[in-house]
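Here come two complexes built around subunit A, the first alongside subunit B, the second alongside subunit C.
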Partner chain A sequence: MAAKTLTIDGRLVGAHENQTVLEAASEAGIKIPTLCHLDGIADAGACRLCLVEVAGSPRLHPACVLKVAEGMEIKTQSERLRKYRRLLLELLFAERNHVCAVCVANGHCELQDLAMDLGMDHVRYQYRFQPFAVDVTHRLFGLDHNRCVLCTRCVRVCSEVEGAHTWDMEGRGAKARVITDLKQPWGEADSCTSCGKCVHGCPTGALFFQGSTVGEMERDRTRLEFIVTAREKKQWIA
Partner chain B sequence: MVLNDLLEIKERERKARKGTVLRCCVAAGCLSANSQAVKDGLDKAVKEKGLEGQVEVRGVGCMGLCCQGPLVQEDPAETLYVKVNPEDAPAIVDALGKNPAPGLPTTDPHAPFFKKQMPVVLENCGRIDPERIESYIAEDGYLALHDVILEMTPKEVVENVVKSGLRGRGGAGYPTGLKWATVAKTVGERKFVICNADEGDPGAFMDRSVLESDPHRVLEGMAVAAYAVGASQGYIYVRAEYPLAISRLQAAIRQAKQYGLLGGGIFESPFNFNVEIRIGAGAFVCGEETALMSSVEGKRGSPRPRPPFPAESGLWGNPTLINNVETYANVPVIIRKGAEWFSAIGTEKSKGTKVFALAGKIRNTGLIEVPMGVPLREIVEEMGGGVPDGSEVKAVQTGGPSGGCIPAAALDIPVDYESLAKVGSIMGSGGMIVMDEDTNMVDVARFFMEFCMDESCGKCVPCRTGTVQMHQLLDKIIQKRGAAEDLERLEELCDVVKNTSLCGLGQTAPNPVLSTLRFFRHEYLELLKQRETGAQPPA
Partner chain C sequence: MAQKIVIDPVTRIEGHAKISIHLDDAGNVAEARFHVTEFRGFERFCEGRPFWEMAGITARVCGICPVSHLLASAKAGDRILAINIPPAAEKLRRLMNLGQIVQSHALSFFHLSAPDLLLGMDSSPATRNVFGLIAAEPAFARSGIRLRQFGQEIIELLGGAKIHPAWSVPGGVRSSLTEPARQRIRQWLPEARATAIDALSRFKKLLRNHKAETQIFGNFPTLFMGLVGPDGTWEHYDGNLRFVDSGGNIIADQVAPSRYREFIGEAVEPWTYLKSPYYRPLGYPEGIYRVGPLARLNVCTSLGTPLADLELSHFRELGNGAVTSSFYYHYARLIEILTALERIEMFMDDPELSSDRLRADAGINSLEGVGVSEAPRGTLFHHYQVDANGLIQKVNLIIATGQNNLAMNRTVAQIARHYVHGPKIQEGMLNRIEAGIRAFDPCLSCSTHAAGQWPLQVQLLGPDGSLLDEAVRA
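Right after this comes the complex of A and B.
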């Protein structure tokens, strides 16, 4: 596998040719904000928070799916990128009912962390205040659509790591929702193995363990990484 | 099938032609105006008068002047009857060869609407019977495919398309030859060609008309493309809203297979090519190439980031060529008449012709084909006949929800890819909606924003949530509840949605707002002012 050298934020970085800019950056200790990305599963390029500037390209590129190339010059921070990222977060907060104060994931939420990191302290758009359902039919887990950001991490982790494909999407645009099986209540979704990988993968408080209350919902991301590393590289690193 | 068989069919078909032909449009527009009954009536009248030996009643595809349907044209006299009723049939047959039937409305087939056209893609539209392959073969159909397979190398075919200067007719105008060359050069065990017939822009019906009127032309273009890039399987992705186009395509594929013009060993060569139809389920976003391919694969039709482009990794990860209906429809004629002939038409950077669907506040709504570079004014005022009630043209919308509104002041621009882009619109697939003085441009922007909001797939954040917010702001402004900061916010959202969305739908969704803001900003400001002056919002 050939190695490539590229410049990220003025620093020379080496990477394998099959790596993405996001991987190369994170190995070099350069942090690019992400939401729909999760180590161990395929990238979707959906949240648009990891957009970076590539010298010579008029467009912005999502770092999570952009393959490295020799001599590539990447800028992960600029006034323009920061503005876009803040606006995208504002749009996400306005879309559903994200009320941190009563959320199980308060303090352990990637959306909340992003808002703090990017300095998004208030939302200037009209909150949608749409009613969303909560599904607590599953014995162990619950789903609260109010807090879902449609990152589809649950869909991908269920399909790719667990192999169950219980999760999928219904509807489109603002009507899009994550569903279990053919839109059965989660508790009746036969394909669900109750493995809990989706709950560990969820960035917000949308998927949670039954019985957890405000701020209690902590997740173990390393579990997913452990499984994927073991499976792909035959390395059992706990 | 060898060349002689093909020529024999052509000869037989031409010999069997009768002295007089009554062409009756049976494409979707006229059919919905009861043209099937007109055709049946003509058949019956011809039979009753015992003229079957001399007169042929032929169901044909679109004749263009859709607003005047059902249309019937008599050949060789050229009399063009408009708004024909089934009861008029005997009178038309009575008057054959003489003057037009008295009392029946006709229109001048040499009027600017027809005369200024240049039929290349539509050369057979309204002339041949779309349900009979022989009718297409009689007009030199499948001859290009023969020449390509037996006399040209794939490389020569690609070179020909490159030389012709053909650019994608789906909207973006990517050089077709370059696309073909890329797919041809990409190494892959299997390759695919796809025809994008998921025409979804409001007011656009170019591809539908081509498929309904001349389906074999598209199949031939696809087969040529498949030979050029080294594919053996093709898919046509048609939207379910086009049942007639689907059934005519199905019939065309069946007939072509029977004649050995599709399938295994075409023209007794080792070249195989099969075509299957995939029917969309009503999602606009499936016109975006990566979403379309995902849908063909049987998955949810949502786009994925490019690169990798379909030419490198398309259908099931294989190199895939994907072109629009009209692009493929240009191919047979480029092969038959040569790249030089084609590149002599149009402007320096936009070669050939373009089919437009004229709609909106215009006298002659319908389908036209003009050489690239004609002034927009000529299309709207001379061919289209201007606004019906004598009011003035205010703007022309091209490119559907991804395009923009061209103000009347800019009507003198030539219609080509670059000039349209300069005034903030796009060529698009060919929808052209004319708006008159009564049109509220903010409302136009809201209409297209609502369309994009409903059609957003929901995958990426800016398109899913940004279109909702923009629609809400436009609504607020129209209801005279908007303030200056709402306009600021709207512009800010246009910027973020345009620059951060995943696919073309989101990236172009702000265009109708941006272009109306550019040319009709005063209408937005007027609405804002009305709020400040305390004008009551409408109930």
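Right after this comes the complex of A and C.
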């Protein structure tokens, strides 16, 4: 496998040719904000929070799906990037009803963490959210579309890691939603194995364990990576 | 010519309201209305949420008494799960509610009402506030502020936050009392108790100078309602409802809170966002009743703690059966602080408060739940209906201040009748109407589940509705 050398924030960084800029930066200890990225599953470029500047290109690129190239010059921090990241974040907040104070994920939420990291103390746009019904038909889990950021982590983790593909998307724009099976209530979705990987993968309070109250939804992301690594490296096969 | 006086906004209460006083052709007070001008809509926007979240959401109704909502909501949740919570969880919830009663009553007495009582109703409005009190009576003011802090500290030690601790949940509570927390409360108790006893003796001396207020500050016969234990002892967390009349006669007793609708109706008036609950068997508005400290002391057989019971015997001498002057809400509040402190002290020797068996686990076993607790201002009802999956279908909240709505209106009219003769608003009247309302310690943000500040506005209106005079104090 050929190695590539690129510059990230002025530092020379080595990477394998199939790696993404996000992976290369991460290995070099350079932090790029992400939301739809989850270690262990494929990237989708859904949230655009990992946008970076590439020398010679007028547009911004999502680092999670941008392959490294020889001599590439990447900037992960700039006024322009901060402006766009904050704009994206504010639009995410304006799109659904994210009220941290009463949310099950309060204090353990990646969207909330990003807002704090990026200094988003208010939303400049009019809130556009419409009320979505909460789905608590599943015996163990609940789904609140009002807190969903459409990152599709649940869709990918269910498809790639569990292999069930219970989750998918419906609709476009403001009407886009995650669905279970053919838009059945989650409790009636036959393909669901009730493994809970989607719940552990969810960055916000959208997916939660039944009975959770304010701030109780703590997740264990390392489990997903553990399963993927064990499977890929065939750790349990002698 | 008939007239109308409007006081808007009213100060040093929690919320936002205005008062209008209607005069008849002879220039005398025909009626007075206490308008609550805020609207929030909790009962509506909670629909569709999982009932598990209700304690966290409804605690946001109020920053003064979030614990009351937290408890009533969690208790409604307990009923939906159809479980008994672990004994330790009940004791811990009780401990937090006692802390809440201490802090809220201390706020009402020391910060909000003591300036009227100690500095005089006719002293300058510029200094008739907690800062004026600190200047005039620094030691007294400090002890009162510390007493409130003590109550807040209990809430924080248990729930991790003074305001909106997401700690009491359907099935129980999330954490127990740690040993350092127990020590902290134990060490602070003697000071808190000394403050309460001092305030009581100060208040009793003040009563000599406030004979007029005790006569006209909402002194009229009504029913009183509150929770009592199985033997009629003062209750603040559980128990059943008891109604007594102004003669102290029990007219309904040991009413399970889940049957509240048989006994309480909710009337709606077009001029206020605050509903007017009434005792259903007597109809509206004859079924006027009062809740809160005065009512709890009138309905209970005893307070169940020695020092407070001694005070209760003095308190009872102020009435014939029941104590009917709303001015004595202040007195009742101080006695309740004392019994709360005595009860907190008793808890300090209970090892069960450190138990780790705190939360019962269950699914949706009942589609309806009523949770009741005594908030500092009176009995608080949370009534939820859920679907088979636990999503809220209907919410009804009956708040303490709402239940005092009819009595507050009548109080304003009584005070106005005494002080208003003619088309001009006198400063003395303004102060007394405010102080009369303040005796109830109304929380309007709670009672309409509403938001905003609470300045005073009074309008004086003629019989044709024309505005004759207006006073506004920011």
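What we mean here is this: the second predicted complex is superposed on the first by the 233 of 238 C-alpha atoms of A that agree within 3 Å, B and C clash if a C-alpha of one lies under 4 Å from a C-alpha of the other, contacts with A are read in each partner's own complex, and residues count from 1 in each chain.
Please note the rule applied: contacts are C-beta pairs under 8 Å (C-beta built on N, C-alpha and C of every residue); 3 or more make two chains touch, one makes a residue touch a chain.
Not measured: the values here are computed from a predicted model.
Chemist: In the superposed model, which partner reaches more residues of subunit A, subunit B or subunit C?
Modeler: B
Chemist: Answer with first, second, both or neither: which of subunit B and subunit C does A:175 touch in the superposed model?
Modeler: The answer is first: A:175 touches subunit B but not subunit C.
Chemist: Where does A:214 make contact in the superposed view: on subunit B (first), on subunit C (second), on both, or on neither?
Modeler: Only subunit C is touched by A:214; subunit B is not.
Chemist: Could you say whether A:42 touches subunit B, subunit C, both of them, or neither, answering first, second, both or neither?
Modeler: In the superposition, A:42 touches no partner, neither subunit B nor subunit C.
Chemist: Per the contact definition in the header, classify A:134: touching subunit B only (first), subunit C only (second), both, or neither.
Modeler: A:134 contacts subunit C only, not subunit B.
Chemist: Applying the touch criterion given at the start, work out whether A:95 contacts subunit B, subunit C, both or neither, answering first, second, both or neither.
Modeler: First partner only.
Chemist: So in the superposed three-chain picture, is A:55 touching just subunit B, just subunit C, both, or none of them (first/second/both/neither)?
Modeler: It touches nothing on subunit B or subunit C.
Chemist: Considering only the contact definition stated at the top, list the common interface residues of subunit A for subunit B and subunit C.
Modeler: none
Chemist: Mind pulling up the subunit B residues that touch subunit A in the complex?
Modeler: It is residues 283, 285, 300, 302, 304-305, 307, 453-462, 464-469, 472, 489, 492-493, 496, 499-502 of subunit B that touch subunit A.
Chemist: If we count contacts the way the header does, which residues on subunit C are in touch with subunit A in the complex?
Modeler: Per the touch definition, subunit C meets subunit A at residues 48-50, 52-53, 55-57, 60, 164, 166, 169-171, 174, 361, 363, 389-391.
Chemist: Over in the complex, which subunit A residues touch subunit B? Could you list them?
Modeler: 44-49, 51, 59-60, 62, 65, 67, 83-84, 87-88, 91-92, 94-95, 124-126, 128, 149-150, 152, 168-169, 171-176
Chemist: Can you list the subunit A residues touching subunit C in their complex?
Modeler: 101-102, 104, 131, 133-134, 136-137, 142, 187, 210-216
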